[in-house]
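So that you can tell them apart, the chains are marked A, B, C, D and E in the order they are listed, and the count of residues begins at 1 in each.
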Amino acid sequence: MTDRTMFDLKPTDPKPADDKYLSHLELGEPDKTFLDTNELVINMGPQHPATHGVLRVILKLDGEKVLGTECVIGYLHRGVEKIAENRTYTMFNPYVDRMDYVAAVSNGLGYCEAVEKLLNIEAPPRAKYIRVILTELNRLASHQLWLGTHALDIGAMTPLFYTFRDREEILKIFEKYCGARLTTHAFRIGGCQYETYEGFERDVVKFLDFVPPKIDEYEELLTTNRIWLERTKNVGVISRADAIALGVTGPVLRASGVKWDLRKAQPYAAYSDFDFEVPIGANGDTYDRYTVRMEEMRQSLRIIRQAVEKIPEGPIMAKVPKVMKPPVGEIYHSIEAPKGELGYFIVSDGSTQPYRVRIRPPSFVNLQALDIMVRGALVADVIAVIGTLDIVLGEVDR
Amino acid sequence: MIAKLKGQYGSGICEANTYLGQNYMVVDPSIVSDLLQILRNREQFDYCVDITAVHYPEREKQFDVLWILYSFSKNERIRVKIMIADGESVPSAVSVWATANWLEREVYDMFGIRFDGHPDLKRILLPDGWKGYPLRKDYGIIQQDQEWVKANLGIESGQ
Amino acid sequence: MAPIGTLHYLVVAAALFILGVIGVLTRRNVVIILMSIELILNAVNLNLVAFSRLWGLHGQVFAIFVITDAAAEAAVGLGILIAFFRNKETVNVDEVDLLKW
Amino acid sequence: MEQAIQPGMQPVATTFFFYLLSGLTLLSGVFVITRKNPVHSALALIFGLLAQAGLYLMLYAPFVAGVQIILYAGGIMVLFLFVIMLVNLERSQREERFNKQWVVGLVAAVALGVLFVVVYVKGKALFPYRIAQPLENSNTQQIGVMLYGQYMFAFEIASLLLLVAIIGAVVMAKKRI
Amino acid sequence: MLDYITSYLSSNTTPGQAGNVFWALVYIMIVFGGISVAVMAMNWLERKALAHFQIRLGPMRVGPHGLLQPIADAIKLMTKEDIIPAEADKFVFWIAPLIILCASFAIYIVVPFGPTHAITDLNIGILFMLGVSSLSVLGVVMAGWASNSHYPLIGALRSSAQMVSYEVAMGLAVVSAIVMTSLHGLGPYGVGVGTSGTGTLSMIGIVQAQQEQHVWFLFKFFPLGFIAFGIFAIAMVAETNRAPFDLPEAESELTAGFHTEYSGLRWSLFMLGEYAAMIAVSSIAVTLWLGGWYRPFPNTLTGDTWDLVFSLFPGLTFLALAAIAFVGVRRMPKHPYFRVQTIGLAGFGAVLGLIGLILFVPPVRDRIQDIYWFIAKVAGFMYLYIWYRATFPRYRFDQLMKVGWKVLLPIGIGVLILTAILGVVL
């Protein structure tokens, strides 16, 4: 800033950036008088404590009111899709863990299932159950991380530490199972590499008994807290129609009242065997997304409990050729990752390397909704909304 | 549905098939704008899952552009595919699905396929001013825009 | 040094008053003119309080009224300034020479 | 300074404090009218006001001193600083800081000063040298009694004035009415 | 000369009122030095307590249980490079932290730690305190403006607006307490035989009025005093820019608010000012509503036995602290690596115990009692501050203003009017 004033006196571009489809948001004409028209442009990020990574948001402000935003992404772009074209199917498997690194297991599940579909093989039931258990544990871990950082953004410090304490238990199970905590690479094409370790079920059940009171604890801190309610109710509202048009998925979509979950709609792995609810919200505001995710955590626990009880015996690896050469063709397979629909579109040309792998990242698409959600809100709401979208920049940028 | 569409467009729909239980249709680029509109409004494919492209350098029409659509009411997916040559542009779907905005920008970023009618078609993941389209097959895996790297980062090479 | 009497305070007040007058008459920036007016009011206050030492508390009561007035004056003056700045992009008093803009 | 308040106690170093505080007041007054940057002016004015509050304490007017600090230094000057930040300063800093009639202004001011001097010299008898009896401890209470008794009407008028000022300021500064 | 020094000891008043410059200077040094030490201790305690709220350990490395952490921090901050942004207004940038520091320290001039343990007793004490605490707004605004950067400026505007707004509510709450000093109504907990007719603005006078009326103003005209105290307790958190009203420093939004561009020593001055202000406003609350330096039940639990019991508290507190330290010693790892730390902790415990024993000596015991009770009450508020910070999310700016103007202000006016009416009627 060269001049020392709140009001930048330079005339600004009268054309709004892109508000073509903002059906529900009447922004109103910019004011004609002098002090009103000038916008303050603030650069948030890429090094900002609340952008969850290297996201850069350019905010156009009128005082503290947000007139528009523009996201600048790509700081973490590694060309995952290009790498895929130069690796064999098996070799690419660990790379997907690096996208949404807080939900690495889900990424791996999606990729493995997509390649399995392309190869026309199916993982054995026991492998599927292990997959479900680990994926749901990972969903829980992802949601806990989200809750901690989201609450921290809104100013509540303590939930962060509580959620990390409990997430630690999940990571311990991962570590015991496959040796890694974050980028697990838990699954292989055709099933699982490892049989469950001695006492796996016991650990999981112990965790299942351990965590529900902890979730109640988070809720005790936040759900009825007046300040939390004021900060999240009617903030970052996205209507059902806008949510569908913008293609947002996962808890963000469900909070807007669309009862759609790929685990129910197009069950994959072993999800059709389990009984669980799909929580939805009514208003599509930040509070609804919060409650939806909290409920999802409980539903995940329910799924895990059923899976642990019903886990069948048997092999964990299907018959997979040593050298994978899927037939020529295309496949799109998607799963319900913690953040939303995670899709893999794989084109095979019959060789050992995929001809093209397209990853449909939920965070990328959900982040697009940021603009519509924060228009007319205050700067503080931008923080809350970025938190509630639950983005992971590794996945946005790939 | 396919029959109805075929009746409407005739030879515009080149192929409509199912592979591994997934529906797809290959259509002519000229009708795709209309078709997407109809799929969205009449056939209730209200959720555009993804827009992407595939590069086949040896083909005359080098690019496949794909729309992956989903219908909440039918719980059904469909892939719409067109083939275009290098330099041809594709009608933008932003007015049909708002989500197409960034997805089309990414396709442009990675393949250099232009979308007509896109409100703000510029690079999204790579920096503005980058030369080359990385997901084309003729772009090497360790290739990078040396000039850009030198000018903007002040280093010899980013590798 | 002579013991400090009322006259000493009056001299200080007079000097302050003159400083304020100079500020009002010579500066262009409206904000500083308003501040100079505050200086003048303060000079008056000092007088009032100095005299109240001789003749009872009335002076102090009046000083409080003067401070009240100063607050009101500053609020309205700065309000006008904001409105003026919004229309003319200046805070210079000699550029306010139009009755209408 | 605080020693001066208590009755019966001999104030310490009155002369020294008087010259210190009045010197600060005048110096900051000079800074107020000469600084180019209004923020510096405001800062100087704040120091001047605080020094003046000290003078009030020496004059056995603690309540006025308190009001001076709260209202002037804490209230009005914050308002000034706010407004200075809201309006653009860069231009005014580059421009000439005195207006064209500065000679006239200076002459008028000096004439006023001469008038004061003359009045003081001539009317020295009017201001008898007299160490006033320090008022009792209950200065604040007495002011209160006067404000709500003798000056009740003026007090109410003042409150009305403030109300008008609030409304006026809001109307003036509002973007859209 | 010696007479001058000793004469004060016999006069039963504060050095300011006695006009004794020597003792005034001594008191100023004791109080300001004590506050600086208290700020450092508070820094450590906050980090420790917050850590334990959040199932962490907090500082553990520098000294046993991180006891030397504040000192290490202070050294670090002092030796850090002092950066002034190139485009900053150097003079204002330089003076802003000093204004905040002076404003928060000047409040202590009137804080009564005991009937004679205060630097002075202004008869406009509470007015002085309100005025001086409002001066820190100036420092905030100047710091934000002088940094010549977006985030500090927004932070400064926010915080000045916040402090000015909450000052109003705070002032109303204070006024209702002042009104209580002149009224002798019968609260459910009071017996109501105090002075009537003349109130006082002097801090010592206010505490004495509570004693004379046999009631903490917290319980006077129940629930009016309680509400007024609540308003003050909320406003004082906002006034010191602490969670949940820490918008100016909302690190997730504005990085660090008005002191984003500050580093090193200047930054530490801001912190010093902030913590000093926290302690100061807590002292005000204690003075106005919680009976100041008086021990609990000074009028009902009388007699030599009770006096003795209550006068043992300071020593017992220090012995308890020493006991905690010794438990810590026992729980230290037995590895030789920790030997120095263990010995250090034991030494710390021994010092605490020694202080505790000294506090049992009758002359010391009697003199220290007032200060002890005052500090104990203030410490309660400090704990509240930390507790708030661990529990609450942060308000948004417009909500904060709404709370200040639409909730606290009307309630404050209502309480003030009701207090006045009740006082006249009863």
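General remarks:
By definition in this document, contacts are C-beta pairs under 8 Å (C-beta built on N, C-alpha and C of every residue); 3 or more make two chains touch, one makes a residue touch a chain.
What you see is a predicted model, and the numbers here were worked out from it, not measured in a lab.
Note on connectivity: the fewest chain-to-chain touch steps from subunit B to subunit E number 2. When each chain is reduced to the mean of its CA atoms, the one lying nearest the mean of all protein CA atoms is E. The most distant chain from subunit D, with centres taken as the mean of CA atoms, is B. Averaging C-alpha coordinates per chain places the centre of subunit D 31 Å away from that of subunit E. Our note on geometry: subunit B versus subunit C, Cα centroid distance of 70 Å, whole angstroms.
Taking the mean of the C-alpha atoms as each chain's centre, subunit A and subunit D sit 61 Å apart.
Averaging C-alpha coordinates per chain places the centre of subunit A 45 Å away from that of subunit E. Multi-chain contact residues of subunit D, defined as those touching 2 or more other chains: 63, 67, 75, 85-88, 139, 175.
Across the assembly, subunit A contributes residues 2, 4, 6, 9, 33, 35 that each touch 2 or more other chains.
Per the touch definition, subunit E reaches subunit A in the complex via residues 50, 53-56, 87, 145, 148-150, 153-154, 157, 243-244, 246-247, 250-253, 255, 389-399. Interface of subunit E with subunit D (complex): residues 16-19, 21, 89, 91-92, 95, 109, 120, 122-124, 127-128, 130-132, 134-135, 137-138, 141-142, 145-146, 153, 157, 160, 164, 167, 198-199, 201. Subunit A contributes residues 1-2, 4, 6, 40, 42, 48-50, 64, 151-158, 160-162, 165, 221-222, 225, 227-228, 230-231, 378-381, 383 to its touches with subunit E in the complex.
The part of subunit D that touches subunit C in the complex is made up of residues 14-15, 18, 22, 25-26, 29-30, 32-33, 35, 38, 41-42, 45, 48-49, 52, 55-56, 58-61, 63-64, 67-68, 71-72, 75-76, 79-80, 83-84, 86-88, 91-92, 95-102, 104-106, 108-110, 112-113, 116, 120, 124, 127, 129-132, 135, 139, 142-143, 146-147, 151, 154, 158, 161-162, 164-166, 168-173, 175. Across the complex, subunit C meets subunit D through its residues 1, 3-12, 14-29, 31-32, 34-36, 38-39, 42, 45-46, 49-50, 52-54, 57-58, 60-61, 63-65, 67-76, 78-83, 85-86, 89-94.
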